[in-house]
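Two complexes follow with subunit A in common, the first pairing it with subunit B and the second with subunit C.
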Partner chain A sequence: MMADGRLLGRVALYGVAWLTLAFILMPLVFVTWLAFFAQEIPSFPPEGYSLKWFGAIAGNRNFVTGFTTSLQVAVAATLIGLLIAVPASLILARRQFAGSAVLNQFLLLPLVVPGVVMGTSIYVFQIETEIATGLPILGSLGGLVAGHTLLVIPWTVRLVTASLTGLDRAAEEAAQSLGANQWTTFFRVTLPAIRPGVVAGALFGFVTSFGNLEMSLFLVGPGRVTLPIAILQYLEWKIDPTVAAVSVLQILLIAVAMIITDRYVKLARVV
Partner chain B sequence: MASLTLDALTKRYGDNVVVKSVSLDVRDGEFLVLLGPSGCGKTTTLRMIAGFVPPSGGSMRIGDKDITTLPPWKRNAGLVFQSYALFPHMTVNENVGFGLDMRKVDRAEITGRVAEALRLVRLEGYGERYPRQLSGGQQQRVALARALVIRPDVLLLDEPLSNLDAKLRLEVRLEIRALQQQLGLTTVMVTHDQEEALTMADRLVVMSDGAVRQVGTQSDLYERPADLFVADFVGRSTMISGAVTAPGAFRSDGGLSLSCQPSAAAGPATIALRPERLTLGAAAQGLANHATGKVTFVSYLGALLDVHVRLNDTDHVVVQIPNRSDGHVPAVGDTIEVGWPASACLVFPREAA
Partner chain C sequence: MAAVSSRPVGEPGNLTAAGLLVPATIFVAIGLMVPIAILFRYSLNAFVPGQLMVDALTIDNYVKFFTDPFYLQVLWRTVRVAVACTVFCLLFGFPLAYVLARTQSPYKNLLVMAIVLPLFVGNAVRAAGWMVAFGSKGFVNSTLMGMGVISQPIEIMYTEMAVVIGIIAVNLPFMVLTLQSVIEGIDRNVEEAAFSLGAPPMTMATRVLFPLALPGILAGVILTFILAMNAYATPVLLGGPKFQTMGPLVFSTFAQQNNWPFGGAVSFILMTATLILTIASSLLIRRRYA
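Moving on, here comes the complex of A and B:
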């Protein structure tokens, strides 16, 4: 009786786990399948298979420039995000000061505020700043990067802070007693120790920025598109498998980024 | 190598004075141990010497050089932590070579000196391993090698053995002591373990509540404790409270008349007795102090026995006797004679409380 019950429980557990996984993967599988359909209007069953939609991407200027812009913005936002997040995490993890807990929550806020709300408020903020200073901010690449930096910061702060709490302060003191000043100590001891958190934070920040649509919609200037915007614009006119092909490339890019990252830090251990 | 001098070193956190005007002289090549209960300010003192805690007052010198305001990386102090604090992402060789690298020593010399340091701590052949591939004792020896290889002016050890298991602790204890003597290192070690302190030190500093209670050798502390705290903390004592009534005469609260050293001043006082200075049975009769009591407890320590004897309603003593199979072992409830010479009474005037 007992053994039967346990067996049943295990079967149920695995069943639910596999169903959930299938549920999550289903859209990816369908999108990938669709990208290889030969006919223009997606319908089942496929009339044949073709690679032509992948070729169509290269011929579409919007996709190409959108991809380049998204890549530039994501890379820049990730780097700036790290420059802010690493020092911020060092202070947050080590100094208790009035409001440090509040500040910690504050830095994670972009994770929970809806993208449209963030987009609107940054849009208004940039307009006001532009009026006040006369600088061309709204619609510029810099303005877009600034917005995306906010998307990156929660990830980098969270993951770097987590890896800092596992670091023995005594190791840093040992380095100093051995003759390393603060800078050398940071680069030779602290940074290598928190590298997994830094790399993982950068990866998740990059992916979040690269796939962001809502905020970018508010911040791009006329004539400038990011990849998600290019996809949206394309879908307003056509629904042929080109969009599916773009998505497949995007999935591949992210998968490759994760696999490379995983070689340096075991993501399962950090996240 | 050099001497280390602390002059009225003080540390305050808010209103809390955790190190109170500590002055010490550590001689060239001496092994000094700071001993005291947990929270008495030992670590804070050591961290001030290392440069991680800025003193609120006082000064420090290594040799003739004032180091009071120098940052840690300019002090040339070798530091060994309770947690080992090895660099997890570096091999043993890289860990040990780190300090030499910082001193811009050239590659070939680093290789040689690292190998030499690892040989000293008996870890030849472990250079390519990572800290996580070593046992606790081995990690501790790497930490020691890393601190030694820079030829520090002073070696600072903060409870270096407390993370090791008991057997290993004895081994590493002797090893550290032997190395320290071989290299003539000026060393300050912090511990709350009196046995560790007594076996390793040239001289000891007993601290409590941030203040130095007594500085001296093992026998200074044991035979001539400066106050009741030291008598209680170093070794064991049983206390009898009462008052010195005349030179050499003491009357306990329980009514015993005892003779003690004539030097003690009259007034309320406490006598501390080392358990091994007391005698049981017929032999007690001939001693300056003797009394009859009842055995309340016998604790078996292997080679020794602790016999707890109640002398009256308030006074009670512990007597340590050798455990001989041929001798008579007192049993709980026995009525027994206890005696001790006047010289066994360590008399401490009681502070007006």
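Moving on, here comes the complex of A and C:
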């Protein structure tokens, strides 16, 4: 009787769990399905299947330039973010000083400030800076990169500090006692050891930047779109297999990034 | 030689340490905190049509929001949608998080990837998926009509239900991953102990598992609630132009009406409302299970 209750409980548990997983994946399944439809109108059942829509992407200027812009911005923001966040993470993970915990939380802040609020704030900031300096910032590629760098910093800090906490100091001490100087020790011992964290931080930062919509909406200038904005604007007008095909490309790109990350750090441990 | 080894490796001098911390700190301070402060200052300015923003020190923008039934309704709709989404995320997310945390399967990493992938794919793409399903000739309507359940397509697109479903799907991964990490830390033996003392599964869950998982439940609820309150792409695409929530309202006030002071005020009201309701909900959950 008791065992029956537990069995029933398990069946219900697994049933709900699998349904939930299916629910999470459902939008991706539908959008991928539509990308292969033969007809343009998303009506079911499809009249046939075709690959032509992937070719149609190239004919849409917004998607092409959006993809290029997103790629440029994400790469630049990731590099700058790593350059300033990795050194900070090294200190934060290894030193206890007054306010170190607060500082750590502070650098993670861009993860919790809502996208729309970040977008509006940075928008008015860039306007004020433009007025003060006379430099064209708002709507420029640099302004967009600066905003996106804010998205990369918290991921890098989070993943690099996590990979440092488990690191044994003995290897570095051994290197130094064998005569290596600080720089050699850093590049030959510390950096290889935290490489998984750096790679994961870079990929998460890249993916977050590439997929960002809310903040970018405020920061793009006339004639410049990122891929998520191009997709949103297209969808506000209509849904058809072309936009679905672009979406499939984005899904693939991110899936590849995830699989690479997983080779360095087990995803289950870092998200 | 002695000077080098007197200092532990990987631990640079104080000056170097400060030098390594400063760039990131300044970047976040100037890139995020200063902008938020400026936005707040803007929200106290006045808006004169034709002249755009005029320097002032007034709370008119906030008064305007809280005295206009239209804006109050937008806020109320946003809160209602966010609460519904958070409750459903917790209800459906917990079983999946539990299975994920306790599984011995060699494919666990694949499972995690299946949950993380949609999270990074972006809200517009996922909304597109639901548009395929919900349209008048979409999957749901075609299937139901094919089975003879309905004779006319039912309206799903541009309803509150579509938005709620969309946001639940967007936020579920966050809830599942947050809960999973906490459940993994709970010793399996306490569950077995409850069972061996004769507790049915639901009793075990409510009396043992939920109280122990409380920190994760709190973190997950807070995260998904914040995200639901601030949703943008999902309400725009699945709710349509008439379904106004706070996120789209901020954008249209700013970018389409160019009313920066009022847009700033709406941003701050959204942030404050999110904060207050987050604190209230965490107090409520603590009281329930403490």
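In the analysis below, the second predicted complex is superposed on the first by the 247 of 271 C-alpha atoms of A that agree within 3 Å, B and C clash if a C-alpha of one lies under 4 Å from a C-alpha of the other, contacts with A are read in each partner's own complex, and residues count from 1 in each chain.
Criterion: a residue touches a chain if its C-beta (ideal position, glycine included) is under 8 Å from a C-beta of that chain, and two chains touch if they have at least 3 such contacts.
Fair warning: this is a prediction, and the values are worked out from it, not measured in the lab.
Enquirer: Regarding the shared-chain residue A:Ala255, is it in contact with subunit B (first), subunit C (second), both, or neither?
Expert: The second partner, subunit C, only.
Enquirer: Given the touch rule stated above, what does A:Asp168 touch, subunit B (first), subunit C (second), both, or neither?
Expert: In the superposition, A:Asp168 contacts subunit B only.
Enquirer: Quick one: classify A:Ile153 as touching subunit B (first), subunit C (second), both or neither.
Expert: second
Enquirer: Just to be sure I read the superposition right, which of the two partners does A:Thr190 touch: subunit B = first, subunit C = second, or both, or neither?
Expert: second
Enquirer: Have a look at where A:Leu178 lands relative to subunit B and subunit C in the superposition and call it first, second, both or neither.
Expert: first
Enquirer: Taking the superposition as given, does A:Leu21 touch the first partner, subunit B, the second, subunit C, both, or neither?
Expert: second
Enquirer: Among the partners subunit B and subunit C, which is in contact with a greater number of residues of subunit A?
Expert: C
Enquirer: Using the touch definition from the top, say if A:Val31 reaches subunit B (first), subunit C (second), both or neither.
Expert: The answer is second: A:Val31 touches subunit C but not subunit B.
Enquirer: Check subunit A for residues that touch subunit B in one structure and subunit C in the other, and list them.
Expert: In subunit A, positions 173, 175-177, 181 sit in both the subunit B and subunit C interfaces.
Enquirer: Please name which positions on subunit A make contact with subunit B in the complex.
Expert: Residues of subunit A touching subunit B: 168, 170-171, 173-181, 184, 188-189, 192-193.
Enquirer: Across the complex, what residues on subunit B touch subunit A?
Expert: Going by the criterion above, the answer is residues 50-52, 71-73, 75-79, 81, 83, 85-89, 98-99, 102-103, 143, 146-147, 150, 156.
Enquirer: Considering the complex alone, what residue numbers of subunit A touch subunit C?
Expert: Checking each residue of subunit A against subunit C gives 2, 5-6, 8-10, 13-14, 16-17, 19-21, 23-31, 33-34, 41-45, 83-85, 87-88, 90-92, 94-95, 103, 106-107, 109-110, 112-125, 128, 146-147, 149-150, 153, 157, 169, 172-173, 175-177, 181-182, 185-186, 190, 207-208, 211, 213-214, 217-218, 228, 231-232, 235-236, 239, 243-244, 247, 250-251, 254-255, 257-259, 262, 266-268, 271.
Enquirer: Using the touch rule from the top, collect the residues of subunit C that touch subunit A in their complex.
Expert: So the residues of subunit C touching subunit A come out as 4-5, 8-12, 17, 20-21, 23-25, 27-28, 31-32, 34-36, 38-39, 42, 92-93, 95-96, 98-100, 108-109, 111-118, 120-133, 135, 137-139, 142-143, 166, 168-169, 172-173, 176-177, 195, 198, 200-202, 226, 229-230, 232-233, 236-237, 246-247, 250-251, 254-255, 260, 263-264, 267, 270-271, 274.
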